[in-house]
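After this come two complexes, each holding chain A, first together with chain B and then together with chain C.
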Partner chain A sequence: MATDSDSIQHADPDLRPAIDRSLRHPVMFFFTSAAAWLAVALVLGIIASAKSHAPEFMGNIGWLLYGKSQAAHLNTLVYGWGCQAAFGIIIWLMARLSRKECRNPGTILVAGHVWNFAVLFGVIGILSGQGTGVPWMEFPSAVWPVLLISYVFIMVGSVVQFRCKEGGHTYISQWYLLGAIVWFPWVYATSNLLIFTFDGHPLMDAAINSWFKSTFILLFFVPVGVGAAYYLAPKVTGRPVHSYSLAQMGFWALAVIGPWTGMQKLTGAPIPQFLPYVGAAATVLFFIPAVTVAVNILKTVSGHNTTISASPTLRFMIAGIIGLLVLGSIGVCLNFPSSIKYAQFSFAGYGYEILAMYGFFSMCAFATMYFVVPRITRREWLSRRFIRWHFYLSIYGMSTIVICTIGGGLLQGAAQEYWNMPWSDAATRGYAYGWGTTVSWLFILFANIFFLLHLLLMWARLGRRSQHPTLLSKHTSESPHGPEGDIDEIQAANA
Partner chain B sequence: MTFRIFSLGLLGTFLWPWLLIIVVPYATMQRIERVEFNEEDDGRTGVYAPARPGRVADGAKVYAANGCYACHTQLIRPTYAGSDVWRDDWAGMKKTESNEETRRETTVYDYDGESFAQIGLTRTGPDLSNIGRRVESYVKGTDTTDEEWFLMHLYNPRGGFKYWSACPSGPQFFDVKKHYGQGNGGGLAVQAPEGYEVLPSDEVRALVSYLISLRKDDTVPYSLNYRADKKRAIEQ
Partner chain C sequence: MADSYKPVDPDRPDLDEGTNVVRAHAAVLADNAAVVRERRVRENGLEPVSLWVIVSSAFALLVAGAVLNAGGALFSYGEYKVDGYVQAAAPGGGDEGPYTAPMIDALSKNGAKIYAKCAGCHGPDGMGDGAQFPPLGGSEWVTGDTQRLAMIIMNGVQGEISVKGRTWNGNMPSQMVLNDVELASVMTYLRNNFGNSTGDIVTPEMAGAALELYKERADGAAVAPQVTEAELNADHGKMLSGEVIDPATIVDLETLQPVEAAGAAE
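So, the complex of A and B:
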């Protein structure tokens, strides 16, 4: 066995660049188109958020009506940005961890284009008034089979790589990614079939929709983000994962708890009574996997303060893991029987979704992108200032959104519950927090304009041709990366 | 962990919740039975089938496509889950000299005729479960019909007493057309350019018809009535 893994490790220095080369086009395609969709989602989010407190803002443009722009904002954020960023992460990590080159980049690219056109078609559908009116599934109902089929073609290669890998140990990230690969189509197909294809009771359709939103986050975006963090933390610090059994426990806790969540959004609706209770209890319990992962990752990187402050990857990853911890804690606060009525119909629900999608998942996705893109383009990031701006504006915007939507949302919910006060009191309570949210989205938009620009320059192969990675601190005289110079020339000289 | 353990574990952890909270409740709710009135409790017989006249299916599509559910809910929760029942005119009408007491929680039959229950995401705007009946009480004693009230409200939600509303105005629902002779009838009483009138589109007419159908003023069978002070017919 020892010789087996030894020979595998000897082959690695040659294998890694080969894998990166084989995946260069699909991964860059997903990352750049995801970042472009993120910019679209943010612009739509700003418009929608502004409309929530200033209804006459762009009031004459029918296709940007609040309900439509808000739906388009969330759908582009989830399917345009989130899913595509996740695809890029999954196919790259799975190939690297299984030590297999990608054999079907053409198929992935074609399927990726189909995915993008389907999302575009869906967004145009929503804005032109053809939306289905089912939250997070507003794309006209012809779109979902197309998305599902292209998903299968994007992912099939990664599953084959996993099954064909030779010997060695299966790393925890691989289990998380494989879980995400299996859970997403199961959740997505079930929800779409039951809501759009079969003729169910309207209330049960609504219950399944809230289950869909929750499991989509907890069983797709969470495992992908966590899988990436489990890869990056040991890789950048050069230290093994703090506790491997804790890592496995965290995975199984998520697998057991995740599928029960979501239906607490229908508390008080005439559906079988146990459904909202189970959903609320499971969302509270999600704190367990969240805290398990957070402790494990933070323990792994603790003590590496210079690395953390220098590495863009680690900074974003730690921010994302703290986002996960906050997500788990807020899930507890919002889903207790005493608090659920304040959160159920306020902005807090939106805040929870945004915290999961941006505060946790996107930060982990950015971390992975800052790590992966230089490897597949063989160019280093151009500007540490751009990375800094991206980081600080994101953190600042995200924290303000969380405070405004969840804090403000709970106050809004409390005003809704004071039934003997006039309704105008509850309706106007959220306006000030709406302003806060709009301004914070602007910060996040600026952050991601820097990021998109930076990524597009990298995509055009205009990155720095250097041996040295772009770090957030000034270079010291002794660098572990060898002499500074053009990467191609140095490698040619060595050969 | 081996692939075998992983697959079985994943199947075990996902299949159970999938069956127990998705498939079985879905199948059960699909075959939900009608409740019948009976002589002893209700003083009448027959099947309870809430009447919803109007263009419910058409209007629900307009409601969905324009994202009304982002700000409006359609759910009156029981008192353990919220104070909706007590909020003025949300759950039905309070008992007054001219009104019967009709306040009640949402029942499983309230979404009849719709393909998706628009529970809603936030209450930036008020709950609409009883909006049809509520507007009827607004226009009572005036010469406006409830349809006209809705059209004016959708054209400019801040025009009337709700000056604080954040509801988007919907000029895209209305056509500004040239005025010939005595006009087309049904034009809105709003300021239009000289020689033009503002006419509601077919879309908004369907939406208004749907909104008028949202009301809680019918008598529900004894078994569906959750009021603490309910009485059986033979006791009255």
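So, the complex of A and C:
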């Protein structure tokens, strides 16, 4: 490629800032409002988790009862944080990978505001007792069409960019992102229509709801997280993706397996009996795309130990990819015919969802944000310490939550099987693990207060003006870049 | 900037980077340090697939196959019950055979549910409305001969009828949507509630005899004509035929068949 003419060779460095500039407002809007919703979700999560082991905690506040705070916690986590982080990632990555500037930042911004107000309205609805009671779809049923319509306006530009890109080649991240863009409205509209609009059997509504939760994770959050990882790993290390054919296999495996998952939640319920078992088998099979992606990305970055330890992006991304691997493995363990019943009605199902949403997706989303924000704000992250706190509190908190909810959940499920013992025995077994979960959510809340503060400072354009990225290793004067330089000083010296 | 732009290699995504030192520095000075720093990447790695990926994927396939196998036939929408998923009762605990009750309680319990239909006119307390609908509590038609009561329920009543010393002139439609068990239940309920206490029961066998009478009376028509007070007193002033059963007989709640005393311990 070095033989190509100079003018063409240097086009990309010019185009990239142009793309970043065109997208800076929508992307920053999504990232900051997502991080703010994450903080809200975590506070609600702590309250809900505390109530699971200390029911009298805030017991006299009607709008924070467990049924409301837990529902609000999950819905803000999914629609406030998860979806908006994903939107920011998709629109930025799609524009960069398709080499197209964003032509409709205004539309995206307006639709993004509509999305935020709809989520706010939905959360108020839940807390005031107007929720639907359908897990992950608790927003009052007037909210979902608004979310769906604003989604279309947010995403349409990315689809156009993909269609208009020059050259026929599609990079693996684009496969994943386009998949996520198309699958979300399918899953979301199907489930909401079948549950809220059409008059189906209530038992089947419950089955559709469990399908929704599972496919929402596997066909939206997983492809976005994986797509981002396939972009970041080669970009930061400067190495090609380890095996490109393996990457494509992983994508198609996910596309084929994902839609079958979910109904194992209703094993033993009087629905056609093969449905839950197909769901369980597909969730076991999800291990294949998970291990494919994880091996591919970890092999891509392996050997770059100094880069990994220095780069916030790579650290978070690797943590997320390990989260994906754990998610796939736990899917195998929890969906074996003899173990479904232990996870079915206990903490363990919640643990699986949280592992997917935070342990995998959120870590990949943080990685992308640490990469993207300096480019669109043209400032460097302010503080190594903030990033470190964010990272360590996140991974310690997350690992403890996974151990507490899944380990404690299995014990709880086993206690439930002693059906001639009082039910409270099962609850007692989960007691200590409930405490553990609450404390770990506190860790994660601290982590994200650092992150939110850091992000807001960047949003206010108070980041460092420097040529040097904020790395997690100590900057020394022996840095290959020369002494730590400040752009203003250089400009002053040159003048 | 973008108008004159042509990618280096249109077949590849934007992962590559050219590095012209002068331009790069110009860009740095123009504030784009982070962008200019981005690495150059050739995208298509062609490393062989690790054996461990294949082995672990095969393991997952194996497990998934076992799970599918546990679920029975695929796409058989008629099968609802997973064998062995719901635990069988352990000896000494849990579900102890059929649920039982004295026959009078069993029938009255059913009858109370069916009476919800009657309550619209005769009132939830069985006392009528005092104007159009006569009371059932203390009514000689209810506590008297069972055949008269059965004929009233099945055919409905037309014309004047004297209840508790007062003449009523309503129009009761036929309630002939009952089977023998339902008819027996509601009759037993009426005769032992609202202050009535005949203490006897109308068995499904007796109710079956009443249904036969109804069919005879309808004489091939879909609906029999309503009865009058005169006809009731003339033709139906007797008890329904059938074996008289002790009201305290312990029966299975589902089948209403007597069960052995040993199984009746509650």
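To be clear about the criterion, the second predicted complex is superposed on the first by the 464 of 495 C-alpha atoms of A that agree within 3 Å, B and C clash if a C-alpha of one lies under 4 Å from a C-alpha of the other, contacts with A are read in each partner's own complex, and residues count from 1 in each chain.
In this section, a residue touches a chain if its C-beta (ideal position, glycine included) is under 8 Å from a C-beta of that chain, and two chains touch if they have at least 3 such contacts.
In this text the structure is predicted, and so the values were computed from the model without any measurement.
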| item | value |
| --- | --- |
| Contacts of A:V256 with chain B and chain C, given as first, second, both or neither | first |
| Which superposed partner A:K341 touches (first chain B, second chain C, both, neither) | both |
| Partner chain(s) touched by A:T267 [first = chain B, second = chain C, both, neither] | both |
| Partner chain(s) touched by A:G62 [first = chain B, second = chain C, both, neither] | first |
| Partner chain in contact with A:M204 - chain B first, chain C second, else both or neither | first |
| Partner chain(s) touched by A:Q130 [first = chain B, second = chain C, both, neither] | first |
| Chain B versus chain C as contact partner of A:G112, first or second or both or neither | neither |
| Touching partner for A:V284 - first (chain B), second (chain C), both, neither | second |
| First, second, both or neither for A:G227, with chain B first and chain C second | neither |
| Set intersection of chain A contacts, chain C complex versus chain B complex | 170, 267-268, 270-272, 278, 341, 417, 419-420 |
| Residues of chain A touching chain B in the complex | 51-53, 55-56, 59-60, 62-63, 65-68, 70-71, 129-135, 138, 163, 170, 175, 178-179, 182-183, 186, 190, 194-195, 199-209, 211, 248, 252, 255-256, 259-260, 263, 265-272, 275, 278-279, 340-341, 344-347, 349-350, 416-420, 423-424, 426-428, 430-431 |
| Interface residues, chain C side, partner chain A - complex | 1-2, 5-18, 20, 23-24, 27-50, 52-53, 56-57, 60-61, 63-68, 70-82, 85-87, 90, 93-94 |
| Chain C contact footprint on chain A (complex, rising order) | 1, 4, 6, 8-18, 20, 96-99, 101, 166-171, 173-174, 234-246, 267-268, 270-274, 276-278, 280-282, 284-285, 287-288, 291-292, 295, 299-300, 332, 335-337, 341, 374-375, 378, 380, 417, 419-420, 465-469, 487, 490-491, 494 |
| Chain A partner contacts - residues on chain B that touch it in the complex | 1, 3, 6, 9-10, 13-14, 17-18, 21-22, 25-26, 28-30, 32, 61, 63-71, 73, 75, 77-78, 80-84, 86-88, 105-108, 111, 114-126, 157-158, 162, 164-172 |
